[in-house]
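Written below as structure tokens is the structure these notes are about.
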Amino acid sequence: MSAKIAVFRKEHFNAAHRLHNPHWDDATNKAIFGKCNNPHYHGHNYELIVKVIGEINPETGYVMDMKVLSDIIQQHIIERFDHRNLNEDCAAFKNLNPTAENIAVVIYDILRKEINQNLDLQIRLYETERNFVEYPALSQNF
Amino acid sequence: MSAKIAVFRKEHFNAAHRLHNPHWDDATNKAIFGKCNNPHYHGHNYELIVKVIGEINPETGYVMDMKVLSDIIQQHIIERFDHRNLNEDCAAFKNLNPTAENIAVVIYDILRKEINQNLDLQIRLYETERNFVEYPALSQNF
Amino acid sequence: MSAKIAVFRKEHFNAAHRLHNPHWDDATNKAIFGKCNNPHYHGHNYELIVKVIGEINPETGYVMDMKVLSDIIQQHIIERFDHRNLNEDCAAFKNLNPTAENIAVVIYDILRKEINQNLDLQIRLYETERNFVEYPALSQNF
Amino acid sequence: MSAKIAVFRKEHFNAAHRLHNPHWDDATNKAIFGKCNNPHYHGHNYELIVKVIGEINPETGYVMDMKVLSDIIQQHIIERFDHRNLNEDCAAFKNLNPTAENIAVVIYDILRKEINQNLDLQIRLYETERNFVEYPALSQNF
Amino acid sequence: MSAKIAVFRKEHFNAAHRLHNPHWDDATNKAIFGKCNNPHYHGHNYELIVKVIGEINPETGYVMDMKVLSDIIQQHIIERFDHRNLNEDCAAFKNLNPTAENIAVVIYDILRKEINQNLDLQIRLYETERNFVEYPALSQNF
Amino acid sequence: MSAKIAVFRKEHFNAAHRLHNPHWDDATNKAIFGKCNNPHYHGHNYELIVKVIGEINPETGYVMDMKVLSDIIQQHIIERFDHRNLNEDCAAFKNLNPTAENIAVVIYDILRKEINQNLDLQIRLYETERNFVEYPALSQNF
């Protein structure tokens, strides 16, 4: 049995968001989320890296065609989130705080349906160059 | 006479904005500004590079102390724009479209007052890694 | 009179090339161009930054629409050079050695015809992260 | 027993390649590989990251000397692939399509013989900043 | 049971160091550590990425507050190592060679005490853009 | 007359330094230079970009051979400063404070003698990603 290989495709989108928990009062929201709670929103250039793990198809030399992967990301993620206000314009965040963690899970759940179930999937999302997340993550308590 | 030298300091801020001309109807705004006209805003990680040109002080070996320059940028630019909605939260853009060009001119005008007049000043502002501006720019029609 | 401002758009293309002077013998070509003279070509991910200098249009807040600039670069440069062999597939280099310098001049000459003559133009081309060129360049013998 | 640690060394090479399956007709090759099938080749600046996993030698504080790792990569990979046409100049790809996936496996197989068997090895290869692969990859179906 | 997610925070510090084993003579130190053995030290801009793995808190949408993580890194790592000579100024390296490997383990051991034990922790440390380490690392001999 | 073109070569070196003015007392040095005055030194990964401006040689398509420029930088700058303590090991800084500004001027003065006088020269030196200098700089008081 040959080992698996991972392929990665990087895309980006620009979006506004605001961190807010509607079950908390304003003071608690301000205390927990700080500047990220600004009621008029702020925004980010999100960098998205989609990792797909599988075996190499000997006919093509591909795990999957990066053009196809790019098109899937474009159609299902970029079209939905780019130049949008995540809180106001995106159904996924009507009742979900658009933290980097939650955005990554939402993106994973969307893409999981679009990509062959024989392939594993992992999402890395950069909110800034200094803050980023990866989902799912293997526990490393070894 | 010794030649001048330039020193650069890079900072960043995250902000929401929307491109819109209130003198135009919605269709024109949409046609000209496209996705950037989205009424609920989108956002960016703005990277700001401030360039200061002068002579080296022989006592310190500095043109100016980068810590001082960083503090000036922090106090006058980052405090004002970071985690804000440029259109809603920032007086400078009440009647000025917050394009990268206009943001750079606004930042230049603010910093020009805070930096020694013997020193020249230039602003570079990255809206994304692929779109950026520089002000002022020397005409290169030579 | 208000100062001018520069706007920049970054694009990229991947191409093969080979450095070779047909008026020289093989030994001279090998001595001057080294590994870059390999007869079967090698290649690069070229990063292209197009700088346009002008005044801000007060209606739009733009020097020029970056989407329009991107489309011009796409149509006239990327379509022509991306995933091509510069020596074999591109008329511009039939009789011109595709060094980074010459590629930059060729790109400048193509884009100069497509961009409003009131706007100044400058090209920066990265052959690798460590080797790049800029055209035209102001002499700095001051 | 102390945990293992990974050390990484980044190198690069510039090469031309073409994606092509000789068992298919031209139309199929064009349909599957698109611009990457251009008969005259195109090229890339490949960034290669070699990851070596082991225990720290208490005498040196090293897993392995990065200078030695760099020399191994230089001798066995860069000398072989840099400024070459992968399809034409490299025996490994005479009968193997030089996709990023296949190049990574070839590099892994070459380096695996040169590096102490007590050390684990993984290859990351960037074809562009937006397309890259990693081999071997742990299945993350957890 | 929901999958875990990783969050990352990037910080940096600038430090001097020298690689040296006091149990070896000068010639052996020079032979093993080369230029890194220079008695007057050299230095690096260290980039530190701290990875924390856990479950998303449904109240906040956070694994942990990146501001809190940043403050912990600032207080326990940056204050201790930034603008210091690791060999001379830092107790941790009085009897430990400050290789990238050993610095990463030291940072891990310090941060492990400061971060909730329900969260897994991993350190990535860049000594240069081309040399970096990750601790702990999962053996990939699969 | 054809316009000039600039070519750039990027190299790097790792060095320790300390900012200190021997004519000042310790308190003044500490007040002015802060952490950079640490008596045991700290260090940086310096990134150096050398810009050379001239006309394209029609025989080669080069302004100058980047391999030759790289060799000049290697021999005269990297050999002298890499893995060194600028204050202790480098004659140029025996009586000159090794600020980024002064290092850039020293590098310029060294390289100016090694590069054809028909070619203009400019140095950009990154002390960190956020602090950098450029010499000489054209005054932009226009």
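Letters A, B, C, D, E and F mark the chains in the order given here, with residues in each chain numbered from 1 onward.
Note that in this section a residue touches a chain if its C-beta (ideal position, glycine included) is under 8 Å from a C-beta of that chain, and two chains touch if they have at least 3 such contacts.
Keep in mind that what you see is a predicted model, and the values were worked out from it rather than measured.
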| item | value |
| --- | --- |
| Partner chains that chain C and chain F have in common | B |
| Most distant chain from chain F by Cα centroid | A |
| Superposition of chain B upon chain E: rotation angle, C-alpha, nearest 5 degrees | 180 |
| Distance from chain D to chain A - Cα centre to Cα centre, in angstrom | 27 |
| Chain centre separation (chain B, chain D; CA means) in Å | 41 |
| Residue list for chain E, restricted to those that touch at least two other chains | 3, 129, 136, 138, 142 |
| Chain pairs that touch, as defined at the top of this document | A-B, A-D, A-E, B-C, B-F, C-D, C-F, D-E, E-F |
| Interfacial residue positions of chain F with respect to chain C in the complex | 3-11, 51, 53, 56, 59-63, 65-67, 120-122, 136, 138, 142 |
| Touching residues on chain B, where the partner in the complex is chain A | 12, 14-17, 35-36, 38, 40-45, 82-85, 88-89, 128-129 |
| Contact set on chain E toward chain D in their complex | 3, 19, 21, 32, 34, 96-102, 104-105, 129-142 |
